[in-house]
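There's a structure below that I have some questions on.
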Amino acid sequence: MDRPCGSFDENYKQDSAIIRTRTQWGWLIAFLILLATLPFITSAQILSTLNFIGITLIAVHGLNLLTGYAGQISLGQAAFVAVGGYTTALLNIHAGFSFWAALPVSALSAGIVGLIFGLPSLRLKGFYLAMATLAAQFIIPWCIVNIRPDITGGTSALIVPAPRLGGIVFNSQQSMFYIIMPMAVLVTIFVKNLVRTKVGRAFIAIRDNDIAAEIMGVNIFRYKMLAFFLCSLLAGIAGSLWVSWLRAVDADYFTLQESIWFLGMVVIGGMGSTAGAVMGVTSVRFMDLGVKTAANRLGELYPSAATGIFAGLGPFLFGFIILIFLIFEPHGLMHRWILLKNSYRLWPFSRY
Amino acid sequence: MDTFLQFFISGILNGGIYALIGIGLVLIFKASGIFNFAVGQLLLVGAFATWAFLKWLELPVWLSVLLAMVVAALVGLIIERLVTRPLIGQPVLSAVMALLALSVMLKGVFAFIFGPATVSYPADVLPGTPVSLSGASFSGELTWGFLIAVIVFGIVTLLFYRSRIGLAMRGTAEDHQLAQATGINVKHIFAITWMAAVLVAAIGGIIIGSKVGIGIHFTPLLGVKVIPVVLFGGLESIKGCFVAGLIVGILESIVGGYVDPNLMVITPYAILLLVLLFRPYGLFGQKRIERI
Amino acid sequence: MLELKNIEVMYQNVIYVLKGVSLSVDEGEIVALLGANGAGKTTTLKAISGLLKTEQGDVTRGRIEFMGKKIDHMSPEGIVKMGIVQVMEGQRLFKHLSVDENLRLGAYVRGNRGEVAKDLDMVFNYFPKLKELRNRTSGYLSGGERQMLVVGRALMAHPKFMLLDEPSLGLAPFLVKEIFEILKRINADEGTSILLVEQNAFAALSLAQRGYVMEDGKIVLDGLAQELRENEDIKEFYFGLSSIGQRKSYKGVKHYRRRKRWLA
């Protein structure tokens, strides 16, 4: 149903291709060119939102692998992002690592911390696992703040130097865009392909029926741990980019609230769908931007209620939208998009 | 010795309130198999409602509290009808996500109405005179709160184990379809459970509010601590909830007092991780009866 | 008393299970509903008791009447209140509750009228064994005791009409006999009508006054129990006997069932 009629595969290579028609190639190239030129044509505010989208997308791809594909609920994604962020910051400040050297180390360290907190998944499912990751969400930031406040700055923020490459200093939204976006695109391609391999199929098998998967010979523990590792690995990359982008890091960025937002983006986009993650992140971040703008306007109109509107409108709308999606479209935006495409193709014979 | 007694008893007092809030989670989990992750925000419902009646309408304390109870029950009813009922039969993740979304939404509502600043009750809801016992003295609000918690806990337990509706709730907890075949209106039971749960959360919220004030940021964090408590006691166990509440309260207070006050914040979560690793069904949780 | 008029049932709006079933049960009657696995017997019972709605099934056509009232769109608990109680397959009970609590839940629909103690005595009269087990956790009962408990629980609601789904499932033959005898007594003493779904066709037809045979979502045969017992096809398919009363060789098996499927 995803392709126009008359488009057939003639060999295995075509059969396993992600991009199947010339039109799709055309759209993709046009999109990538547009993406590459965006820094020159958009406002600084939109650009900073786009950068934030790129970073969030990497973290959400990780969470989508773990929750959407492997079916393990995690309420601790923000904490793993924090691990990556702080690793980069500390290596930068105290060990003189460049951003490029700190990035892989951060990813790996977040991945390993993720493995540790993934251990309970050996015995736990559903609510219980959600609670184990909830513990991670409280324990990790606490450790960052309290164990060595002399290094991590405790509750106060650390200043992180901007990444450099040769003579270029990446200290503007525009320049960071060219680090963040290629990274986000690469991660998207990686995840999209990963879920089509043996590993991805094992994840899906575990999600759909873990006992059946085990009987079929899927080593559940190994794959669950792999899912946790990859999830936190991507979180670590996101964290590293995040602090280099903001050029500051503070434990307050990585609260339970942030983890809930990540999960919400996965749900809104459509669980177990790479393109869904992209849609979820993009729509939620732009919604947030819209809400902030609207809240500013409303605040000017009704100065007495300004603080309330500013603090309350975003969370309220976000929670409300997730609920609406859960109740009316649990398959997310991606599912809607596919229905829309199909009904366009089949018009006037479509039902939706 | 006196300092130990001081820490020990204030731990018990705190633990009683954890247990009180926890019983709401246990009831909901038993009846519908859903874990109430929104408990933190639900504390605020009763706490803020009481505050609003006291401050804005300038009602007497008893009436404010009574009206807040009514508000809490209504909120419980609305949550059941609009959030959890449409999700019956959906996967666990949907239920988790729905309650998280609910908590985010409630946070937005509270931030909108009451603003982000911490407020405290204009009048004494619970008597604040410290209570002293053999040289140690304890906060008056906490002592009264503990007494109230124990009484409410007793009432709920009695209702659950001795009344007709409690029996129906326990039946529903076991098997929804069979309960319906027996003539129990499962939807009513869910609604009653949610009303009761938000009600006890409201009582807990008022007690906490009268001790330390109400804030949209820190009050929910106190509520989230109840999650480890409930899990430690065993998700289905009312008795476990009480015992675990006291244990967590005492441990927290002693760790905070003797080791490091900062550690107090994460003690419940450390306990949570240990429980999950070694005894996921908790102290008194049901191991399913499987007859082969 | 109970009448099904040409009902059709679909699950999830796609799976077409009952394709026009009509049957009736009179006051004080015991009627057996026979058929192979997957013929739609349990679905018929669930359509009557309203439990279909808990499994995303729906009565899409036809009507079900109980004492002249249409009940096909009532809620399961409403139907129980009208006096129809289903005893579900597999001796389903509230495992973590005691025997006593299980029985009390059975009386839940009738409100708190203080008659519960009297009803308990009535149930213990039929099933003396349950009295000894009163305070046991029901999950640890044996198969026979469980069956007694589920029938007892249904009795606590004072049903005018009982739907029994395979009460003989997993029980030893002498226990089946005992349970069926008690059912007969209940029918005679309390005047409860019974619609009985059974795999054990012989036992069911010796208890029932009338019987229906279902196949593939339809009633293919009905009549007095006596007639059905004598029916050649029933003998062959359900009792495994040929007309002479011997085991039949498979060589000469009639193609009755297959012919039926073609027509369907």
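When the chains are written out, they are named A, B and C in that same order, and each has its own residue count from 1.
Just so it is clear, contacts are C-beta pairs under 8 Å (C-beta built on N, C-alpha and C of every residue); 3 or more make two chains touch, one makes a residue touch a chain.
Quantities reported herein were computed from a predicted structural model and do not represent experimental measurements.
Novice: In terms of Cα-based centroids, which chain occupies the most central position?
Specialist: Going by the distance between chain centres and the overall C-alpha centre, it is B.
Novice: Report the chain whose CA-based centre is farthest from the CA-based centre of chain C.
Specialist: If we average the C-alpha coordinates per chain, A ends up farthest from chain C.
Novice: Please tell me the distance, in whole Å, between the geometric centres of chain A and chain B computed from their C-alpha atoms.
Specialist: The mean C-alpha positions of chain A and chain B differ by 32 Å.
Novice: What's the distance between the Cα centroids of chain B and chain C, rounded to whole Å?
Specialist: From the centre of chain B to the centre of chain C is 44 Å.
Novice: Averaging over Cα atoms per chain, report the distance between chain A and chain C in Å.
Specialist: Distance between chain centres: 54 Å.
Novice: Which stretch or stretches of chain B touch chain C in the complex?
Specialist: Spelled out, the residues of chain B in touch with chain C are 164, 167-168, 170-171, 174-186, 286, 289, 291.
Novice: With touch defined as at the start, can you tell me which chain C residues reach chain B in the complex?
Specialist: Touching chain B: residues 49-51, 54-55, 75-77, 80-81, 85-86, 88, 92-97, 101, 104-106, 108-109, 112, 137, 139-140, 153, 157 of chain C.
Novice: Across the complex, what residues on chain A touch chain B?
Specialist: 67, 71, 73, 75, 119-120, 123-128, 130-132, 134-135, 138-139, 142, 146, 256-257, 260, 263-264, 267, 271, 305, 307-309, 311-320, 322-323, 326-327, 330
Novice: Where on chain B is chain A touching in the complex?
Specialist: Interface residues on chain B, with respect to chain A: 35, 37, 83, 86-87, 90, 92-94, 96-98, 100-116, 216, 224, 227-228, 231, 235, 262-263, 265-266, 269-270, 272-273, 276-277, 280.
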